[in-house]
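Labels run A, B, C and D following the written order; every chain starts at residue 1.
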Amino acid sequence: MSSSFGTLFRVATFGESHGVGVGAVVDGCPPNLELCEADIQLQLDRRRPGQSDLTTPRQEADRVTILSGVEHGRTLGTPIGLLVRNQDQRPGDYGEMDAVPRPSHADYTYQVKYGVAARSGGGRASARETIGRVAAGAIAEKVLRERWGVEVVAWVSSVGEIVSTGVDADHLSRDMVDANPVRCPDAAAADRMISLVREVRDARDSIGGVVSCVCRNVPPGWGEPVFDKLDAKLAQAMLSLPATKGFEIGSGFAGTRLRGSMHNDPFVKKGDRLGTVTNHAGGVLGGISSGEPLLFRVAFKPVATIGQPQRTADLNGQSVELAAKGRHDPCVVPRAVPIVESMTALVLLDLALRQEARK
Amino acid sequence: MSSSFGTLFRVATFGESHGVGVGAVVDGCPPNLELCEADIQLQLDRRRPGQSDLTTPRQEADRVTILSGVEHGRTLGTPIGLLVRNQDQRPGDYGEMDAVPRPSHADYTYQVKYGVAARSGGGRASARETIGRVAAGAIAEKVLRERWGVEVVAWVSSVGEIVSTGVDADHLSRDMVDANPVRCPDAAAADRMISLVREVRDARDSIGGVVSCVCRNVPPGWGEPVFDKLDAKLAQAMLSLPATKGFEIGSGFAGTRLRGSMHNDPFVKKGDRLGTVTNHAGGVLGGISSGEPLLFRVAFKPVATIGQPQRTADLNGQSVELAAKGRHDPCVVPRAVPIVESMTALVLLDLALRQEARK
Amino acid sequence: MSSSFGTLFRVATFGESHGVGVGAVVDGCPPNLELCEADIQLQLDRRRPGQSDLTTPRQEADRVTILSGVEHGRTLGTPIGLLVRNQDQRPGDYGEMDAVPRPSHADYTYQVKYGVAARSGGGRASARETIGRVAAGAIAEKVLRERWGVEVVAWVSSVGEIVSTGVDADHLSRDMVDANPVRCPDAAAADRMISLVREVRDARDSIGGVVSCVCRNVPPGWGEPVFDKLDAKLAQAMLSLPATKGFEIGSGFAGTRLRGSMHNDPFVKKGDRLGTVTNHAGGVLGGISSGEPLLFRVAFKPVATIGQPQRTADLNGQSVELAAKGRHDPCVVPRAVPIVESMTALVLLDLALRQEARK
Amino acid sequence: MSSSFGTLFRVATFGESHGVGVGAVVDGCPPNLELCEADIQLQLDRRRPGQSDLTTPRQEADRVTILSGVEHGRTLGTPIGLLVRNQDQRPGDYGEMDAVPRPSHADYTYQVKYGVAARSGGGRASARETIGRVAAGAIAEKVLRERWGVEVVAWVSSVGEIVSTGVDADHLSRDMVDANPVRCPDAAAADRMISLVREVRDARDSIGGVVSCVCRNVPPGWGEPVFDKLDAKLAQAMLSLPATKGFEIGSGFAGTRLRGSMHNDPFVKKGDRLGTVTNHAGGVLGGISSGEPLLFRVAFKPVATIGQPQRTADLNGQSVELAAKGRHDPCVVPRAVPIVESMTALVLLDLALRQEARK
């Protein structure tokens, strides 16, 4: 179990789906930052369940309390304890699953790894675990925004086969993303996505999707070769999220089909610095931010827990039929948007501070 | 600069393309392992340049010396120093590039980040940096193989538009991979790939590709949620390699288009443990190995340094034409095969030892 | 601010003296350990203020809540969140000290380091910060005791000039230590210590002392040369405690006056293992536990905050007279006993798990 | 085995006494620092054996080679590989000790911990292991000196019962320390120390001693509470050195006998900052440098390997007589002086960079 992340801006998360609460300790936050619970609540509200009929009906207010590290509305530079209490717990929902590990869920591997597993709700493998990340990420984002003007905006770029088009990452805002419940700024695609999620939900099934993310105003120079390259840490951060199966930056897998003469991004003067004409690199060269926007995409598989009956095996290997009774999202990507943004902020601020140490 | 990787099996690499040498210090290797230089040389030979007409003509024997940590042919449990001296250095080749940062290479970002950059050959951004990883990975692989029977086999699954088919990951061996110089075990695809690489080389251009990797006999239970999940560390490891732009595991991006009822991998009894009927998960559930084979893919962009003239800007922003004179691979994926295997081994062994500590 | 400690058994602490609360997140605790709040409360009760007239009259129940990581009375292997709410806060006590940094306290250096400081009660430099350590240490101790039979017992070996004699570290128990409020198992010395502390208290002054500690049944083999040697990590752990000024193990500073022929501990057969006739080493050879009892001593300076008026300077350098009004211990060592034990347990368990990974 | 140290300025050391060589990889060195091998050689020469008749007659030139990280005489910001080849190896000297673990040496615990041990010369427990630290520390010192004017000077303050007096730490220089072979700047005490060491040597015995260290011009603000406090990291660093048994800073153990009213260091204006009238704190308040000189002392036990016959037990527990045949120092403290300085520099620079990240 390794629940801490970061070198200078370090986050340790804790909490199961159905215990007292979930939260995080943020160590290394710069002092003298104005910070109150509302700053953090904003992203938690975008993450919490029950926002629309596309998400799980589980109701959680997810109100954060700052336990330490802030006095008179300013950070002290000391660890910031963050706590969100669980409210709408229904461990009874999970009775049957005790003996039957849900297919494509972590029940089985947690059992093997720890010799014990949270009996209910997926424990640390629950999506609730991400609350600590989002709370911590909201703080990181505030520092990034105030000190460097960094803007991090994620959006749903595909659900199932439906792919958004015409999204202008250079001018995309969170308001534009939040204009519809599926968080896709291409309105036409969004409508079709919404219909698809409802259809899937009604079929007691689930569907995957892709979250894209842009980071603007990232100064050149962030990223620590060779193992803590910016893109490497983003990849780790994204693949550490529940239900993710892939990460690509810039041209990604599509870029493997191109020739260098087409793929290379020529340099050109942009104001008082060098920029590039194209951005196949996705804002990273040699693992270090180039000053161009970061652009990356994260693949989310369809949610594993579905209401449809499935033929599988119990822990003894006996064939059984399982139909999950818990409350689950038919499609995780709309709520994943602030989570992706938060993990991005955690990566960026840590690397920013590591670069600051060099000055 | 963060050149160390791993928690219990920790590797620190060093070395520029054109300095005295490159290498690594491996800390935390289990004691009493039989180890000699030949064990390490094998993978270095698969990585080194000059293996065929598909790779850079730079000639490097890349002979490794064990500096410490081994006595009478066995590891002591102490740090293993590894050194490979550089031989065929031609820093003169890089004169022009001093003032003109190569497009899509790290020259510019290293300059901005460090305020200085290795004048020649890309410094730490050179592919030679991976020698330390491969040497260390060869040791990790030996431990994995001897103690758990783990087999790690990577191969080239696509070059440009050419995609291999019919590769049986369950029975693939390194000999089958090495049967042709492009390291694609689909002979028909391999022939076309070889032609394509030659064509690209002759056009003084480059081409991207995908390396796939399978790990067999990985016991269930490896991976440390939530931030050091097995897939998260693999993603970091792969994106830390030069020229990589994407990582996907199991169904990856394609899986985002499926429904849960199709994507879920039902459990089934396999001998004395649980296995799954399908393996869309790619061998990882909740960030922990499931006992099924690990299957993942890594996207490599076309090599940035090409002989064709390119219109770009110098560090002052003046438009210039650049034609690289150094010796470079037209396609990096054949030589990337042992590098991907090595990084995989570094990830697996570290997580294996962390799980051992739990027993 | 680096508030995390340990590699495999990792603790992150948080909390100021006068905020909402203090606590810790314990990551890497072995799963399936029976654990309830009472297990932790025991050591918190030995640490809390108000135990006798020798300690600060500040009243704090210091009740711990387990927030996560435990279900049905057993650890899950996931992070254990621990919270102790602050109750008896009187920030008003500290008004004057805002402008006048207390001599030999951390007010000044926190101000310089962070550009801000907790306005009241010393913030993270308060002794309340140690609550998180004690709570986490209580868990570590339970694992050590149940799995290896390790016994950690600390005691007050001197207060001011008064030095205890005749303490038999081989058979010392916590009950014997707790038999008097000064926690010195030499009853005669204890009486004199108690008188001295009362005298000092009445003079609104303070006095230093030494805490000694023995660890029995530590198996040989714990400690990770060369930087994470057992004695090195103990030294870090002890010097990280408030008010400590020194650490010595085995013969310590006195041993520097001896010759090797006197100081060396000859080996001798003890049951089925090797032991030593003497134990000048204090249980550590080459940074690794030898199987003999660990024996070390920690120097605590007199508490800096005293009621007597002191001539000093304010932050502007103006000479002022300061007389502290807060509630403070005249002598810290009795309450330091469980804190030393807790930090010892954190060090030992982390190194134990790291050695387990080698098996 | 944990052979890396530091967070931002990170050192990984390697090498046994009798293998190919010893060295280090320094990661995180600021770029653009002028650096050549002579900068490093200076401290290695002060550390190497054979400097006088007080040290082991083993002859080692200990010439360092920079393997990477430096180009055209300047650091690149990339890892600096450092190698010192072993020359005067006589593994034959150690034949008898294979079966008989030397009393108070690490032979036994290495054997138990790793199940194997370097057959000769103590392996990693040899004093040669410190070469990597000294080489790395010399680089750290250069950064500290050039950027902040930090001066680190250690000296021998006692050998056996002989204690130096009248050393003015405010004005002590390395030249003054090196004025005699025992490295004690109190000439009268030095003469007696030299006689004592010779006497001990001729008796084939050994003797302990204390090394003191002062660090001047350390800016206030270095040190990362609560676990990586400046004094905590110094304590770890010093106790990680071979043969050390104690660490104290400022008033240390003697300070435990004082009252707060005597021990407190009143603040006073010093130029444009606050200083203290006295310095019982030893330059650290709350784990953070105060701007006053750092002052600490390190206890070294008598060298364990002595030529006198000792009654002890072999690995089977059989009583045997052992008389060591290797070449060893009768007193380690003169050569420990540059080692203490080097570890101090490693601690200081790492904490300095961590504080820089906060600006």
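Just so we're on the same page, contacts are C-beta pairs under 8 Å (C-beta built on N, C-alpha and C of every residue); 3 or more make two chains touch, one makes a residue touch a chain.
This structure is a prediction, so every number in the text was calculated from the model and none was measured.
> Starting from the Cα centroid of chain C, hunt down the chain whose centroid lies farthest away.
Checked the centroid distances; the maximum from chain C is B.
> More contacting C-beta pairs: A-B or B-C?
More C-beta contacts join the chains of A-B.
> So how far apart, in whole Å, are chain B and chain C when each is placed at the average of its C-alpha atoms?
About 46 Å, centre to centre.
> As a quick test, compute the distance in whole Å between the mean CA positions of chain A and chain B.
Their C-alpha centroids are separated by 26 Å.
> Where in chain A do residues touch at least two different other chains?
Within chain A, residues 1-4, 7, 13, 31, 77, 113-114, 124, 225, 354, 358 contact more than one other chain.
> Under the definition above, what is the set of chain C residues touching chain B in their complex?
Residue list for chain C touching chain B: 7-8, 30-31, 77-78, 225, 353-354, 356-359.
> So in the complex, which bits of chain A are touching chain C?
Residues 1-4, 10, 12-16, 19-23, 25, 27-28, 31-32, 65-72, 74-81, 83, 113-119, 123-124.
> Mind listing the chain B positions that touch chain A in their complex?
1-5, 7, 13, 101, 103-106, 108-110, 112-114, 124-125, 129, 158, 160-161, 200, 205-210, 220-221, 223-229, 231-240, 242, 244-253, 255-269, 274, 276, 280-282, 285-291, 297, 299-306, 308, 310-313, 315, 317-319, 354-355, 358
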